[in-house]
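In the two assemblies presented below, subunit A is common to both, partnered first by subunit B and then by subunit C.
== the complex of A and B ==
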């Protein structure tokens, strides 16, 4: 099974690898997957007061397709509003990266990671509003 | 870009010397070895006899005890199903072990459906079974013990002579899947008490699609019910027109392997040790899988913590290796062999098998070490698990959202 050019490109030149301060109230962190299953994705987003995603970072333990899916996800969500980020579906990632059927779970994981990160930052902000 | 092939446990290229021997039998000497009434047939039969001698010398048996097959999978099937059906009235119990190749496990599982019982012995962390385990597992109705000679993933070599001795004492037939051992390390079916031995040509620089099964003729005379029925070739145990050019190739490959075994084995273990030294002195948190002492000279299996095997292979793209990661197969299950050694799924996912061969050079090893170090470091920078471990988080205590 050969990899698509786009998967290879994201694997060799991953966009937005790194970490944001997970303690910051305007940073949302989503960690999905499990080492036993062979992939763990950590996706982080930083939002401004108007709910714009101003930065996104990822770290992924997984196959090339998992790395490419998370790299692409960070690229796509940067500059979007939180609710717009949730519009990204795993099937969009499958299409863009031309993932074969056995790699569809990588795209599902990336969608889950986005949702988890958005949920995290939303929960943090709600908690802050309640506290103040 | 330099291309390096370190997957010789999967298959090997045909040695040019082997190919030279084969070519006449694909051209002018095309006779059927079973044609008894003209010279085409006689010359083909003569070539097959020569090959039988060449293979027998590697095993330490009589040429009459070598049965030609299409490869180890078929040999294993004839040995296991053939013995089970021939001796089924005597007993219905078979003993194997957990890290056997699928070509042994699946025929055993198939026989279970026919009412046979199979005991799969567990292995130590190094992948070893002991003769004592075999002794304890033997019951009154045990008819066959099948223990692989050397493991294809880790290279671990089982204590064949001791197991053979127990089988002889107990009067149980002893089969071994010798695919990885044949032509690489010394074999002596007499001294080791082996009754059946499966082998393939393509693992020892011969062609694909040809192999052999050693079937003992004396003390005891072993009989196998055939899997393929037909013209009664190969003492009735394997019908079908002989693959003369393939058999000639296997014979030539066997002769070269035996002649060069001492020097080649030293050279390969030197390369293997150089590889391990290069990796372990440049990378932390890597583990060698299998038994470092009882090991084939050409296999090195390593787990690279916090990095997934398929992404590693992608990173070293011009180097061909294998991984125990599930991502390399459709099953989504990581290597059952490594799991049998007690490795967690995460470590099995992080494993790479390097298998050196006759055409591997020191430059290939040094190039691969550099590539591996660079790729592992790059992927660890990208790994959330590495980051968490560096923060002091115990990964085994984390509750993961398994999917």
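== the complex of A and C ==
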């Protein structure tokens, strides 16, 4: 199976690799995994007070498609509002990266990671509002 | 399904020897095709449960394989040759699954009905967080042998705990409780992360 040029590009030059402060109230962290291959993906977002995603980072230990999917996901969510980030569907990632059927689960992982990160930061903020 | 459900030995249709396995007569080498109700445990006539005697399994595999081996059937009819090839392949696959603790647990889960671990795909969040943390430590500290050793120890500890829990859950499958199946699926999915970590640790 050959990877598309876009996958290779993201794999060789991944965007936004790294970590944000997991403890910060304005940072949401999503950690998801695909047990069939043992891949694990961490996607983090930092939001401002108006719910804009001002930064996004990821770390993925897995195959090229999983790395490319999460790299692309961070590119796409940066600058979006939280609810707009949730509009990204795994099928968009499949299309953009021309993923073959056996690698579709990598794009599902990236979508799950976005959802988990958004849910995390939303829950943190709700908790903060309640506490104050 | 009972964990002690071993089929009653029947006699060979040709030589009337008692059969040690439902697929071949060790007396006259008559082969019998697989039937739908045979599982891998019944091929070896061992109890259908997680805690098995691996020495006994190996011993039975060798003695049965010897009797169904295609080399034995060079002069036999084409049907018998084909059957011997087919049964040998089946025996190899049965050994491969039963000898591996995680695969054996997954197989018992499959026999108990319901969703398989690979269909379920769920992994507890703490397992993912541990796996990610160990991965990050590994990434940051690669050349340091002391840190590597401590990472390996942490991975081994987590993996051994999972294997023990898999054994306990697999032995409880006979209860028929769905909670046991759910738990076993998650444990089987979880162990994969630590297998991969071990595989990615530098040797030595």
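Here is the rule we go by: the second predicted complex is superposed on the first by the 128 of 132 C-alpha atoms of A that agree within 3 Å, B and C clash if a C-alpha of one lies under 4 Å from a C-alpha of the other, contacts with A are read in each partner's own complex, and residues count from 1 in each chain.
Definition applied: a residue touches a chain if its C-beta (ideal position, glycine included) is under 8 Å from a C-beta of that chain, and two chains touch if they have at least 3 such contacts.
Keep in mind that what you see is a predicted model, and the values were worked out from it rather than measured.
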item: Partner chain(s) touched by A:46 [first = subunit B, second = subunit C, both, neither]; value: neither
item: Which of subunit B and subunit C A:36 touches, first, second, both or neither; value: both
item: Partner chain(s) touched by A:63 [first = subunit B, second = subunit C, both, neither]; value: first
item: Partner chain in contact with A:102 - subunit B first, subunit C second, else both or neither; value: first
item: First (subunit B), second (subunit C), both or neither touched by A:14; value: first
item: Which partner reaches more residues of subunit A (counting touched residues only), subunit B or subunit C; value: B
item: Touching partner for A:3 - first (subunit B), second (subunit C), both, neither; value: first
item: Subunit C-contacting residues of subunit A that also contact subunit B; value: 19, 31-38, 40, 42, 59, 61
item: Subunit B-facing residues of subunit A, complex; value: 3, 8, 11, 14, 17, 19, 31-42, 59-64, 66-67, 102, 105, 108-109, 112
item: Residues of subunit B defined as touching subunit A within the complex; value: 306-308, 310-311, 314-315, 325-327, 330, 332, 334, 344-346, 349, 381-387, 395, 400-403
item: Residues of subunit C defined as touching subunit A within the complex; value: 117-118, 121-123, 125, 127-129, 131-132, 135-136, 189-190, 192-193, 195-196
item: Subunit A to subunit C touching residues, read off their complex; value: 19, 31-38, 40, 42, 59, 61
